[in-house]
Structure formats: C-alpha cells, structure tokens
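Each of the next two complexes has chain A plus one more chain, namely chain B in the first and chain C in the second.
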Partner chain A sequence: MADEALFLLLHNEMVSGVYKSAEQGEMENGRCITKLENMGFRVGQGLIERFTKDTARFKDELDIMKFICKDFWTTVFKKQIDNLRTNHQGIYVLQDNKFRLLTQMSAGKQYLEHASKYLAFTCGLIRGGLSNLGIKSIVTAEVSSMPACKFQVMIQKL
Partner chain B sequence: MSRQANRGTESKKMSSELFTLTYGALVTQLCKDYENDEDVNKQLDKILFFCFLPRGYNIGVRLIEDFLARSNVGKCHDFRETADVIAKVAFKMYLGITPSITNWSPAGDEFSLILENNPLVDFVELPDNHSSLIYSNLLCGVLRGALEMVQMAVEAKFIQDTLKGDGVTEIRMRFIRRIEDNLPAGEE
Partner chain C sequence: MRLGPLKAVPTAVWKINQWALEDENVFPWLAGTWQVLHLKCSGLVFLTGAHRVESHHFICCHPLLQNYPLYIRSIPTENELKFHYMVHTSLDVVDEKISAMGKALVDQRELYLGLLYPTEDYKVYGYVTNSKVKFVMVVDSSNTALRDNEIRSMFRKLHNSYTDVMCNPFYNPGDRIQSRAFDGMVTSMMIQVC
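On to the complex of A and B.
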C-alpha cells in the first residue's frame, strides 16, 4: 500500500514541475492548468475502472455522483465530500470543507492565489472518473477560504 | 449494498493504485512534453532520466521528516543498519513491499536492494521508442534525498529492471561520505 504522504508529495512535485517548465518556456498559466487537468483525467479514468469492477450497477446520474462523493473521495482523499448540491438539471456542486491537497497551505491568505494550481489535477480526476462511467462533463473549482473548496460539475448532455 | 461490503480491503489497495496511476500520468506527460520539442527529441531518454531524479530528490527531502516522525526509528550505527531500515521499515511503510538486501561489497559501503515486485510499474509496459527510459528512477531520487537529510551522501541507481526484461528490479546503493554539518566559523 502506498502511503498517503507519498501521493501528496508527488502531487506537489507535479504542480511545481509543470510550473517550472512553464517558466523556462513561454507557456501561459492556462496551459499548465490544462496539463495538470489532463494528468488527472487519465488517473481518474484508470481509478474508476479499477474501483467499480465489483460494484452494483448505478441507478442514475445522482447515484453516480453519490458514489464519487463517498467511495471515490474517501479512497483518494480519506474523507467524504461534505456537501453535494444539485439543481437537477445537470449541475452538481461538491463542497469539501477541508480539502486534503490544500490543508498544508491554508494557514493564512498568503497562498490563496496559488490554490487553483492545486485543484486542477482533482478537476481532471472527477472528469476522468465520470467520463468512464459514460458521463461527459466540465469540472471547475473555486476556493474562497482555504482549505474549503467547491467543485462544480456541469454535465454535458449528449 | 455489495458496494459497501468490500470497501475496507479495497481502499488500501486503491490508494496504492492512485499513486501508481498518478506517477504513470506524470511520466507520460513528461514523455509528451519532450517529444513536442524537436531539438530535445534526440536526447529524449537522457533528459527523461534526469527529470525524475530531482523530483524524487525533492520528495525524499520532505519524506524523511514524515518517516522519522512516524517510524520511531533511532539512529543507525552503520550502513548495514541503514540498509535494514530502508528495506524493512521505509519500503514497507510507503510502498508495502520489503526488498531483500544482497551483494554487499567487501568494504560494506555498497549493497543492492532487490525488489521482487515494484508497485510503480503495476500497469506499465515500455513502448519500443522509450526502451531505454528508466521508468522508476524517481525511487533513486527519493532515496538520495532522504538520506542526504540524515547526513549521508549516497548514490543510487537501477542496474536491473523488470520493465526491461530482467527477472527482478535491483537498485544499487553506494555510500559516498558522511556530510558534516558546516557551522559558520566562530559558532558552536
């Protein structure tokens, strides 16, 4: 079993690695986010496939979202999503009050502007997971006060 | 309901897969990054080789703190003891495997860690055009970084790799020197 600390450190290195290579070239912020998001997407696809291989069939979209909030989140971040809200028209908001990848830089407001870098991978993770369950989506994240953050999932109707 | 039942055992295995997959995504991304750049293409493997070492090093430098805080391991008196702690405590704790220690050099400053199975390469096959990529090189960086923080300069490198068709994965560790604390002159 790989320890959690290892994943956290690897994630930190990924973020700083991507941004460092961007400093040398002339890559803008958006490309970095995309890159991290894409890496997350791949991981999400792989994880969900491994994770759902023995589970019962999902009833509907909401059932899938609940699965993401509970089982999936617990595996990856050792806790559940604190609040799931939906408008029943394809928008879901997942709120995590103590997001694992932000806790270590949440002591003050100093790093608030860097928070988005640390959320991109997770956005991809959600999108990748959903995509392999047959749901196309756009996932964005927002932070107002760390370590709490919200992920907004917009389902793309086919 | 069946979903709830198997969560306990699954979740441990899953978090290992999370790490493996994340690392895979990182390596893939790096391969892509350097492929885009024509000039760098020729030296692809060389560069990839050097890419993972510093990253592993940075991880090691931080990981050692976590390790010392949680493992309750005391000071090691010689390199043999260090080898034991690395194989039996550290690898066990972070990767869930216990490599065996073999091939000590007569002087006792070099040994090999034999990994029967390497969780980093669980889902990996090296494509032909990356056949000389040292995929798990991150581990060497981690070892080097972590040991440097406890005053030991070591060299770590892969000399066998299951990805390349060897029977086992072997990391060769070489002790270089003790790092003395350099106190500024006049301070005790």
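On to the complex of A and C.
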C-alpha cells in the first residue's frame, strides 16, 4: 500500500537528512541518535493521544504495554509485536522478528553497525507514547541479526 | 446540605498553596490568589444565591506536571475566581474516582467520569483522557436541557479538539493551550449551551 511506503521513505530520508546535516558540521555526530530519538518522542506523544481517544481506560501497566504491542504497532508498522516478555518488575522486552524499518536492508550482519540509526526514532516513539500515558521509561534497542530486533523498555518508578 | 464541596476545601487550598510555593514560576498568579480564595470560601463561594446566569467553565490540566491548568475559560467573566476555585477543588474528586475505577470491568472504564458533585447552583462534571489530562466542566444546574448525554458529547468534542492540539507540531505538550481552533470550538460550545 502506498501509505506504508511513504512512511518508510520519509523515515529513510529523515535519517539520512539528520546525518547529512551532521556531516556539514551543524552538530556533532553523536547527537544524531539523540535528535532522532527526540523526534520520535514528540511523534509518539501525538500518536498515542490520537490512538487512545476511543479506547477504554487502561487497567495497569501491562495493559498499556499490550496496547503498544498490538494496536500501536499494527497502526504504525502494519504488524504486531511477535513476542512480549516481562519480569514483572518494570522491564519489558518487545521482540519483532521482521521489523519494518529494517526490512529494506539486506538481512544478516553486513550492515549491523548502521542499524542503530534506523531504530532510534522507534525507540523515541515508544518512550513518547508511554510518557504520555503517564509512564516514564528508558527504551533501548538491540539487533543481533537483521531484520529481527528487540526493544527493551525499562520503566522508571516515580 | 453542601457538605461535599465544603469538606474538600482544606485539602484543596493546601494543595494550591503547595504548588504555589513549589512552582511560582510555572504558576505565578496562584501564589497571590489562594488566600483570597480561602477567604471567599467561608462565606461566599458555596453560599451565594445571586448567581442565576448561565455559566460554564472549562479546564484541562496535566497531572503528571503538578495539576496546573492548560486551559481555563468561563462565561460570564465576572466572578471568575469562584469558578477557578470550584474547578480546583473538584480535582480531588477526580482523583478519587479514578483510583476507584481501577478494578472495574472493561466496559465500565469509560473516560467520562460523570457528575463529580452538585452544589446548589452548579453541577461539576469530569472527564479524564488516557493520557491523564483532566477536563472539568461547571454548568448551571438550572439548565435542564443538559443531560448526561449532552455533557458526554461535549466532552468528546473537547477531547477531539485537544487531540488536534496535541498533534500540532508547534505545540509543546504541557504548555498553555493558545490554539485558535481550540478556542473557537470552546466558544461555540459555550454559546450553543447558553
């Protein structure tokens, strides 16, 4: 479908745009990830506001995580998270075996070092969504072989 | 006869005082006004009988960031402080309702909280979004045209409009809402009801 492709293309351009502006000396290279993550954060906040507009109130934290894995992921990435695990102490691992933003790259380990730039935005997306639902968190991503990846969400207790 | 709201007075005043102390930068006018509010509540706010004008009052606030108001609006504008005060007291009732709701069944976990408390002249309604933004509405209780369903649909409208504000990239979450579209929507809703 066209709208899926648009999101992928826009995201790719966004990443390369941010990195290009870094090369031209507008900011240091290390800040690119942070910048992408912050962009994701704001987008996540807006998206979750819209997506939860007509849903019932959430029961607890796990309920919210399930919403992120199912509804949120389906709307943004057209598929659900494949596996959600938790230690019931504030750590959640979301595993996606075929993550959309990585499917355009060749599978395997060849471009592994570049994967992080394509995950930063999504990390921010999750963090922003959770923060708007009242949960402070730290989100990190991990790739061992493309296009599978894991997002680890660490909830920060207030 | 007006035990409900009066009982809530001390904690609310204390809370306002707390914020004012902690956050004078965020909310400077509260520091000055809370004492006035306190004086008023003993004799004026809940016992006034002279107010038969249709009145409305809206507020949205973000509790994660200390419950400060994102948007307040009232018609008529005289006696505005009284409404501010009513709205702030009702925040405690909102919290109570939400914590009681945690155990309820799915279909009962609605965003609309219903009537928070009635006073002689006004009715206070509440609504809390999933993102924990509280909407409080005060309406004249003599207005019988406003039933639960109307109030609910007004809140839906308010929520839809708030969502649009949130999705505006030029709006920083947590700032006061200054959107003209939101303003216009609230005005039209108030005029329609009055």
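To be clear about the criterion, the second predicted complex is superposed on the first by the 150 of 158 C-alpha atoms of A that agree within 3 Å, B and C clash if a C-alpha of one lies under 4 Å from a C-alpha of the other, contacts with A are read in each partner's own complex, and residues count from 1 in each chain.
Basically, a residue touches a chain if its C-beta (ideal position, glycine included) is under 8 Å from a C-beta of that chain, and two chains touch if they have at least 3 such contacts.
None of these values were measured; they are calculated from a predicted model.
> For A:Lys109 in the superposed arrangement: first (chain B), second (chain C), both or neither?
Touch status of A:Lys109: no partner.
> Identify the partner contact of A:Gly46: answer first if only chain B is touched, second if only chain C is, both if each is, neither if none is.
A:Gly46 contacts both chain B and chain C.
> On the A-aligned overlay, A:His88 touches which partner chain: chain B = first, chain C = second, or both, or neither?
neither
> Check whether A:Phe7 is in contact with chain B, with chain C, with both or with neither, and answer first, second, both or neither.
first
> Could you say whether A:Arg57 touches chain B, chain C, both of them, or neither, answering first, second, both or neither?
Second partner only.
> Once the shared chain is lined up, is A:Asp71 touching chain B (first), chain C (second), both, or neither of them?
first
> Quick one: name whichever of chain B and chain C touches more residues of chain A.
The larger set of chain A residues in touch belongs to B.
> Based on the A-chain superposition described above, do chain B and chain C contact any of the same residues on chain A, and if so which?
42, 46, 50, 55-56
> Across the complex, what residues on chain C touch chain A?
Residues of chain C touching chain A: 64, 98, 101-102, 106-107, 109-111, 128-132, 159-160, 162-163, 166-167, 169, 173.
> Considering only the defined contacts, which chain A positions touch chain B in the complex?
1-7, 9-11, 13-14, 16-18, 21, 35, 38-40, 42-43, 46-47, 50-51, 54-56, 67, 71, 74-76
> Where on chain B is chain A touching in the complex?
1-3, 6-7, 10-26, 28-29, 33, 55, 58-59, 62-63, 66, 93-96, 119, 123
> Which residues of chain A touch chain C once you look at their complex with the stated criterion?
42, 45-46, 48-50, 52-53, 55-60, 132-134
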